[in-house]
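To keep things clear, I will list the structure first and then write my remarks on it.
Labels run A, B and C following the written order; every chain starts at residue 1.
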């Protein structure tokens, strides 16, 4: 029996505004519990919401980037339900007239580019956080996150498998970080998604019953959760059972989805327009300002990197694929002109280290200035590329500047011909057998002599100089 | 208004009515709903709802922080809390 | 010397002439409140802080504003920092707000002294002050009779002469109707004139704060201070607020006053009709002209209001869940149990009724027929007013169909009986228009009120018309004997 999967994704993007959607409290991550909370976020009696315009500007940037229709007049509604981390007993969201309508996102699949249609995107406030397992018998409520602006982006059910879902989320991540709409940090909860999954027999025009998997917060889990759920649904249907429409959570420890308890009773959210806020109207001038100040997207950056920095298309594409990496690269180019070497380091050595630790470059101890300095020192031959690698390891671990490391460890490359000649002479003198063997034709021994020189100079001898002088001396 | 509807409405509002008052409240609700049902007699074809008496749009504020940390005051007002969190009976997801 | 029944102007004179100090005045006020505590018009007194403030005021050479040192009572719906705010509900019986409502802050910044928080109908839901967790308020004119509601405590405190003025809130008539039943003056401003920040919300698109006092002039003094744009309230109007006293003495010759055709006064008590006719005559002698106007959809007011207000309140009151403040039930099994028990224990019956109606009106399948329909009819009502105001300057009605009544005598069997108290007042809340109630005589020895409804932002006009009436009559000078208290 051939089955096909139908997936729709709702992405919740936390906007990178400094303050919340309806209050002037900070949105800074990682603060101690209940400190980024003001009267409004706490839902105290008598308080009123007030709209953060920057949240709208970011939402509009997103809408423009995906080619959507922008509703210059949009309305907030109340979604009423009770939960411990929802202080007012209702969430302020946009139901009937959202800020963004339509749009598309292209994803790369193994069959080429696929266009996914977006149904809509709207602004709403995030809820607080509940911690269920820290205090015996209690759930603890932290309202720091309550009121943070979210852009909820709803895709049409056009995604066909887990891999496409991951590609979609990755494309979303790149887009929102590029647009400076969100920091896209999934581990911190800045980007999360709900996946609506259903299956049907190929050729069946009817959609199968769908389940919603909520709050998936990593690309890996997106793939695993969807794969598990698809298998589960197919198994049920093949057994003659019926798929229940329900909300489920992905358990990453057990690698399975299970029904969510609090959503057992169907909720009637009783949406109605928020009477404490009036319709929001974005003026034509504000729209023009947003368009005029539109940030450069990935494709443009790639082109610019090949043109202005002479990078290969491949290198340019890799650097431009992450805004964080691209920003770091560009900052570094302010202090070094060897763009090719810089790109090489970022893509190769540095990329490997970052991957191992699963962090972004702006979460490491490296700075653009220090990296530029390292590139310059290799470029001007103060150090060899090989020494450069060990200096880099130190930089990565301690954040120290290359100059400081070179200084404190005396790592300057020895390039002085005289000095190198002296050392080469002593190596030749102390290894007469190898010299004889080499001159008799064992060319491979050249490497041995180089090795000895490097040993005596703790790797600091300039390799080119060593090669040149060694060849000469050995001839004699 | 049937029992089922009353039960659902009560649950949505997280309210429970004492047994001895239940009948009276149900009767009251029916009376009031009948009264507001009288609106059906008014012709509202093509009339836009008036959600606020003001025909104006929202004033929006700048994205600048302007907030005091009043954590102690907020936690003090709660019936059950510790020095960091509001506490409720443990929720099982 | 007695401070009871004095107006703001009279107290200002006494203070300026140093006939009494602010501290003495504050102490005397507290004594009066104590002596008259049977009225039950206060929930919480602000004794220490008010005396402290009065001492500071006495230290200044002269007063820098007309309200400096004047004692006021604040309705217990306004958050007052550090001073218990209950909305006359068990669910907030221990709530100490960490901030003060803008309207109150403005009055306090103008030098007024907050004597205490007044009793009210629970969460402002009611027309008789019989739903308070802290017990009924008595009408100073007759013990055992209601003062009206929901601002019953404020009205009684002013009528009994304890304070010259008080704040109230009006969602369907809750300033005007108690003002009428207690023989004093009360004004509901245009929606958006006074900030709602710190005013605990009942029905967001209808609530407005306003003053109750012994005269239109005193109301104008308070409203001047309370008005103004507040960036913390998105629904507050960004307008130039002129001094409402500037034009209050203007002669009203040629003023066009509308009589609403659809309000058939023939159904009312004959004495109520007589008072109305007498007032009409007085206005005519003062130069006003009466024109019959039509508000064709006005009979929809009560059902419209009772669809919208409960709907908005059902949502506004969701935050009272026992988690972050207010009453929390003990021995609860889980979160839902916590919500259900805390709310059911904390709210009174009228509040529960309204929350349930509101939840119903918003629920799936009923939203279009009730809530949305009501908001559409609301527009019809507003449009009617707009049309009518093309031919008149203001409109006149009795404030209430009747006068104060005995505790428990209305609404016990049928809640709609009490809802009809608001028959004449509700429509101005729906349309967002300003309206004032002034005393205009007695009906069966109890005060009756006359209502003037003004056009959008024309408080100046209704205050002017009210003031001229009061300059040419003495109803507002009447005082209850207070023998029973």
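Convention: contacts are C-beta pairs under 8 Å (C-beta built on N, C-alpha and C of every residue); 3 or more make two chains touch, one makes a residue touch a chain.
Since this is a predicted model, take the numbers as computed values, not measurements.
**Student:** Quick check for the class: compute each chain's Cα centroid; which one is farthest from the centroid of chain B?
**Tutor:** A
**Student:** B-C or A-B: which has the larger count of contacting C-beta pairs?
**Tutor:** Most contacts of the two pairs: B-C.
**Student:** Of the chains shown, whose Cα centre falls closest to the middle of all protein Cα atoms?
**Tutor:** Central chain is B.
**Student:** In whole angstrom, how far does the Cα centroid of chain A sit from the Cα centroid of chain C?
**Tutor:** 56
**Student:** Could you please state the distance in Å, as a whole number, between where the Cα atoms of chain B are centred and where those of chain C are centred?
**Tutor:** 23
**Student:** Centroid of chain A to centroid of chain B, CA atoms only: how many Å?
**Tutor:** Between these chains, centre-to-centre, one finds 39 Å.
**Student:** Show the residues in chain B shared as contacts by 2 or more other chains, in ascending order.
**Tutor:** Within chain B, the residues that touch at least two other chains are 8, 12, 14, 51-52, 54, 56, 58-59, 61, 70, 74, 80, 86, 88-91.
**Student:** Among the residues of chain A, which are close enough to touch at least two other chains?
**Tutor:** 39, 42, 44, 50-51, 80, 82, 84, 139, 141, 268, 270, 275, 277-278
**Student:** Could you check chain C for residues that touch two or more other chains and list them?
**Tutor:** 95, 98, 205, 231, 234-235, 321, 323-325, 335-336, 339, 359, 363
**Student:** Looking at the complex, which residues from chain C come into contact with chain B?
**Tutor:** 95-96, 98, 191-192, 205, 231, 234-235, 237-238, 297, 300, 302-304, 306-307, 314, 321-328, 332-341, 343-344, 347, 349, 352-353, 355-357, 359-361, 363, 369-370, 372-380, 382, 414-416, 419, 430-433
**Student:** Touching chain B in the complex: which residues of chain A?
**Tutor:** Its residues touching chain B are 17-19, 23-26, 32-39, 42, 44, 50-56, 73, 80, 82, 84, 130-132, 135, 137-143, 249, 260-262, 265, 267-268, 270, 273, 275, 277-281.
**Student:** For chain C, which residues count as touching chain A in their complex?
**Tutor:** 78-79, 85, 87, 92, 95, 97-99, 101, 196-201, 203-205, 231-235, 311-312, 315, 317-321, 323-325, 335-336, 339, 359, 362-364, 367, 371
**Student:** Tell me, which parts of chain B touch chain A in their complex?
**Tutor:** Contact set of chain B toward chain A: 8, 11-12, 14, 51-52, 54, 56-71, 74-75, 80, 82, 84-93.
**Student:** Across the complex, what residues on chain A touch chain C?
**Tutor:** 39, 42-51, 78, 80, 82-84, 87-90, 139, 141, 268, 270-272, 275-278
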